[in-house]
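Both complexes below contain subunit A, partnered by subunit B and then by subunit C.
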Partner chain A sequence: MTQPIAPPPKKNPQVRSQSPTRPPEVRSRAAMHLTAAAAEGRFSLQRCGECGVVQYPPRDACGACLSTDLPWEDMPEGGTVLAETTVHASPRLYFRERMPWRSGTVQLDAGPTVLAHLHGDVPRHARVRIQARLDHSGQGVLIALPAQDTPNMEDDPLMRALSADPKHRRVLITDARSPHALALTRALRQAGAAMIFAGEPEGWRPYPQRAALEAEGVEILPMDVTDTISVQKLAGEIGGKTDILINTAQFLRPGGVLDRGDTGFARDELEVNYLGLMRLAQAFGPGMAARTADGVNSAIAWVNLLSAGALCNAQPFGSFSASQAGAYSLTQSLRAEFRSSGLRVMNVFFGPTEDDSWYQPLPPPRVTSSALARAVVNGLQRGLEDVWCGDIAMDLRDRFRRDPKVLEREMTMGGEGA
Partner chain B sequence: MGRPASYDGVALVAPFSTNYQRYSIDTAHHWIATALRGSLRAAGIGPADLDGFSVSSFTLFPDTAVGLTQHLGLCPRWLDHIPMGGASAGVALRRAARAIQAGDAEIIACVAGDTNHIDSFRQLLSSFSRFAMDASYPYGYGGPNASFALLTDRYMTDYGASRADFGHICVAQRENALRNPNAVMKKPLSMEQYLAARPIAEPIALFDCVMPCAGAEAFLVMSEDAARARNLPYARLSAAIERHNAHATDPIQLRGGWTMDVDVLWEQAGLGPGDMDLVQTYDDYPVISVMQIEDLGFCAKGEGAAFLRARDLTIAGDFPHNTSGGQLSAGQAGAAGGFIGMVEAIRQVTGQAGETQVRDARTASVSGFGMINFDRGLCSSAAVLSTGALA
Partner chain C sequence: MSTLADFAARIASGTIRVVDLTHTLDPDFPVIILPPEFGQCARFRMEEISAYDHRGPAWKWHNISMSEHTGTHFDAPSHWISGRDVPRGAVDEIDVADFIGPACVIDCSDGAAQNEDFELTVPVIEEWEKAHGKIPAGSWVLMRTDWSKRTGAPYLNMKDDGPHSPGPTPEAIRFLIDQRNIRGFGVETVGTDAGQGSHYTPPYPAHYYLHGAGKYGLQCLTGLDALPPTGAVLVAAPLKIKNGTGSPLRVLALVENT
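Coming up: the complex of A and B.
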């Protein structure tokens, strides 16, 4: 039975913070597909397109018939532990710091035998559920979980290492005025977040949810992502205790190029959606990246809320979509820059929302703020990199993956013209 | 399967082992050269007379056998590089023997050696194989300890072997090693110490694991006529087998490739397991020695632990096993770990083993096992040696 983690004691500022260490990162190109699926919370392996044999480890040719047609396919999660060991010595620093470490040989219902990290509640030679998770190097690894959920199983050291669980962690919501701030606060509280900060631009301007946020115990602090000084000031105050940052700041207006008479809104879109992200990252990023091995409430994740229009320009929000594409690309750079620290970058893509008034003229389906908040918390608990929230975001993702050019053509259909 | 031709007329001579050193500031080139020179000197042969060269090593990078020819000033007309770890000696020998029989070369040196710098073992593990890189190294292993722990766990579960059974092997080998001046381990080991050792990867504990070290092993292969002309003691190669990636669909490795070829081995040798005066198994972990005893037909599957428990495995015992202490007590000098049993067996059947000599040793089996590519060892080899000419 997993012992629940106690809230961490107050930090002694005279004690050195642990430097982040990492499990091995290098993988073959084939193995990166396992990572790519794990980034979305899927467990996927290659199945030979000709003879149907499921392969592991990832291959470039079928181990049964030499076919090179090896598509990836989501696999059933069941398996049986054939053997296990508890490792007490490893030349790899990351594991050395986490000894003893349990792992096992698991025969998958899907066919092959795999090595997997074993959850502490898995009995000897038991049935297990296999999941693919991203480790501290951002690579996919397999974990074997008990066949049924056990109490506090998310507090097992393995699960803490392979997630960005908000439990006992301190979260900064960058824009308290976001229509999603209140729902996020409630979901994070329910997930056991220790403290929630929210940045507030233009504090002189009243808004209805402020009282509700205060009632939830959110500490509201002045910050405007378009104002470098204010971002640096808040990072100076709470940067050292920001474990998860959720960037809710977003400037949204309809319009593309020709139907706007000037670049005013485009400038605002870039100031908030692109440069705002950069300002936040420059102010909060280095401090968070240095605190990724800081115990139970280590810095763990950077969360971006992005429109699915980041993938392909979505009318009538042409210029906004461009800012989202820019921001999306910037998050990929952030991922690369945070990689060696182990700080996770999670992107949550969503379509038109119920609670943002600028989407009012669009037909359903729409995403509610509480659904978005659930997606954020669930993604953190599962350690995901990419979360697709709502039917429209998933539809765009699937069409984009099928053929990006076809999607573009569909999304840019003209009206009857001369 | 067709019956392979015999290895008649092939002589194994001039066995040489360097001392083993826990850490070395020298390179693999240094250790390989040392063993090569030792072997050539023992045979009274100069480097210029050598026309065949076979090398096994993990730490030669960026060189291969090719670079070594220029580095060491050799001019062979037959050259081989055997990247098969613990199975190297048997494989190198098979190929060299055929080259001698065919006349492609007259004197072939088979050498294996590696250095061990501080941190070089960790670096070797991190780039050992693609499957290890993708599917075992990220799980905290940093080497074969955990892979063998898993096999050992399953073996103990299925066949009822105990830690003490493995201890019986390790304790006897330590006793043998105390007579081998090259061995890294110099102190006796008791069963109590074995059982009380700290766990490394449960159920494997400290004395189940080899000590990585630096060192090299070498021997020469030539025709029996050549050996006799030079008045050299030599061993005959009575039989030899190799196999790779056997039993690929076994969910976990409880047997090795020997099972596929064991009948060929004994038929070719014209001998049986009961005829062996001593046995050298590949012993990076004791469980794999037990599997070899079973898979080579000394006893039935699953009975290896009981078979060994009932026997005295020391040099003077009724079942002399890994007489130089094996890797468990002499140390694992990288690829030389694949040669240690072969070189010792040549010494034994030619009466040159000195302190570790088994009385009247005329026959020996030598088996090798290597390369945990992902979850199991892929290469297996075995050979039967017999006395050609005693020293």
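Coming up: the complex of A and C.
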């Protein structure tokens, strides 16, 4: 049984903050597919299209028949530990700092034998569940978990290293006015977040959920993502104890290009959805990236809430979709820029929501704030990079992957007549 | 000594005080809020271009952005549909002499303290005239409410049924225009109209009648409590924006020490 992690003591101001170190990052191009699946929480391996043999490690030609037809396929997670070892010495800084480290070989039910990190609660030669997780370098690795959940298993050092668990961490919700702020607060509290801050733009305008946020113990502090000075000010105040940042700021209006006739709302969309993200990242990013090895409540994740319209323009929210595509691209740059620090960037894509009034004329299905909040927390606990929340987002993702042009054509149908 | 030389000497000696009636342009200063499907008034924003650093080693400067109607600002006749055809109705066309003129300050601060929807009515104006004389033609009429001392949410005072702040009745505005031929009307609130001004007929009577008659508006003024009821001269020159319907500006009041 895993010992539960105690809330961390207050930081000793005389001790230097530890610099982040990383496990090896280099992989073959083939192995990147394992990472790509892990980024969504899937465990995937190649299965030969000719002879059906499941491959491990990832490769360019089948180990059995040399076929190069090696499509990736999600695998059943069952397996049995064959052998294990506990490493007490390593030339890699990352592992030296985390000794002893347990790993082993696991015979997968799917066929091959794989190398995996072993959870502390896995007995010798036991049945295990294999999962693919992203490590501090953002690469997929395999972990073997006990066949059944064990008490406090998420507190195992391995799990903390391969997740962005909000437990004991301090979270900043960037826009308290977001229709999702309250549901996020409740889900984060339930997941054991130590503190929740919320940025409040335009405190001179009342909004109904403020009282509810206060009742949940949220520290409401002034910040408007369109106001650089306010973002810098809040980062100066709480940037050093922001472990998870969830960017809930979003400006949404219907309309494309021709039906608007001006650039007013488009400017607001870019100011909030694109430049707002950039301002937040410039103000909070460096401090968070410097604190990714800061113990139990280290900085760990940057979360973006994005419309699935970022993938393919979604009418009638054409201009908004464009701002989401820009923001999505910017999150990819952020990932690259945060990469060496180990700070995770998690994107949560979702379709029309129940609680945002601008989606009111759209038919169901719509995502509820509580479902979105659950998806955010679950994604953090599993250390994901990409989360697809709700049927519409998942459908768009699947159609995009099948053929982006077909999707575009379907999403841009015209009416009869002219 | 010429009049102007005398004027300059009096300012230098302090016998004429210069009072700033302007709020600081601050990103967090409230602006008027319209229903969200309408276009909105841009807040004041400031982005650093360089600050004696690699972006410009010896200088600091900012790019700023805002609406014509952000902060302490001037409303030109072309701001309102009733004033769309007023000749010389845009800020760049108005005779610059109109930007300097005398001010009558009607103190409504007691009423506004008791009633956030306090109305400036014709009887209130007549009462003021009994004490201070008839409002001269060409005057700025400033409605003092001490509203500028409010900060944060109480400034707009937005409720579920809209904002609540003092302002003039349609009759009072008609009176000031038709009977007194004023230059313009100035307030400490976010608009020349009351917070609930959309419920008058016509809606927003101060905007509708003032601008239709070629008169001007001054909004988000502060420091009106430092002015005498009569005798102050306002200097209120908007930026020369081509076809501008208004402009942030620095409003100065010249007050003679007596």
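Please note the rule applied: the second predicted complex is superposed on the first by the 418 of 418 C-alpha atoms of A that agree within 3 Å, B and C clash if a C-alpha of one lies under 4 Å from a C-alpha of the other, contacts with A are read in each partner's own complex, and residues count from 1 in each chain.
Note that contacts are C-beta pairs under 8 Å (C-beta built on N, C-alpha and C of every residue); 3 or more make two chains touch, one makes a residue touch a chain.
Computed from a prediction, not measured in an experiment: that's the story for all the values here.
Novice: By residue count, which of the two partners contacts subunit A more extensively, subunit B or subunit C?
Specialist: If we count touched residues of subunit A for both partners, the winner is B.
Novice: Is A:Val141 touching the first partner subunit B, the second partner subunit C, both, or neither of them?
Specialist: first
Novice: Applying the document's definition of touch, where does A:Asp395 land relative to subunit B and subunit C: first, second, both, or neither?
Specialist: Once the two structures are laid over each other on A, A:Asp395 reaches no partner at all.
Novice: Would you check which partner chain A:Pro222 touches, where first means subunit B only, second means subunit C only, and both and neither mean what they say?
Specialist: Second partner only, subunit C.
Novice: For A:Glu40, using the defined touch cut-off, is the partner it touches subunit B, subunit C, both, or neither? Pick first, second, both or neither.
Specialist: neither
Novice: Per the contact definition in the header, classify A:Leu82: touching subunit B only (first), subunit C only (second), both, or neither.
Specialist: Only subunit B is touched by A:Leu82; subunit C is not.
Novice: Once chain A of both complexes is superposed, is A:Asp355 in touch with subunit B (first), subunit C (second), both, or neither?
Specialist: Neither partner.
Novice: Touching subunit B in the complex: which residues of subunit A?
Specialist: So the residues of subunit A touching subunit B come out as 23-24, 26-28, 30-31, 56-58, 63, 82-92, 95, 98, 101, 103-105, 107, 113-117, 125, 135, 137, 139, 141.
Novice: Considering only the defined contacts, which subunit B positions touch subunit A in the complex?
Specialist: 121-122, 125-127, 130-131, 133-143, 145-146, 149-151, 153-154, 157, 198-204, 248, 251-252, 374-375
Novice: Taking the complex as given, what residues does subunit A use to touch subunit C?
Specialist: 202-206, 222, 224, 226-230, 253, 262, 264-265, 268
Novice: Can you name the residues of subunit C that touch subunit A in the complex?
Specialist: 27-28, 30, 33, 36-37, 39-40, 43, 45-48, 151-153, 155-156, 158-159
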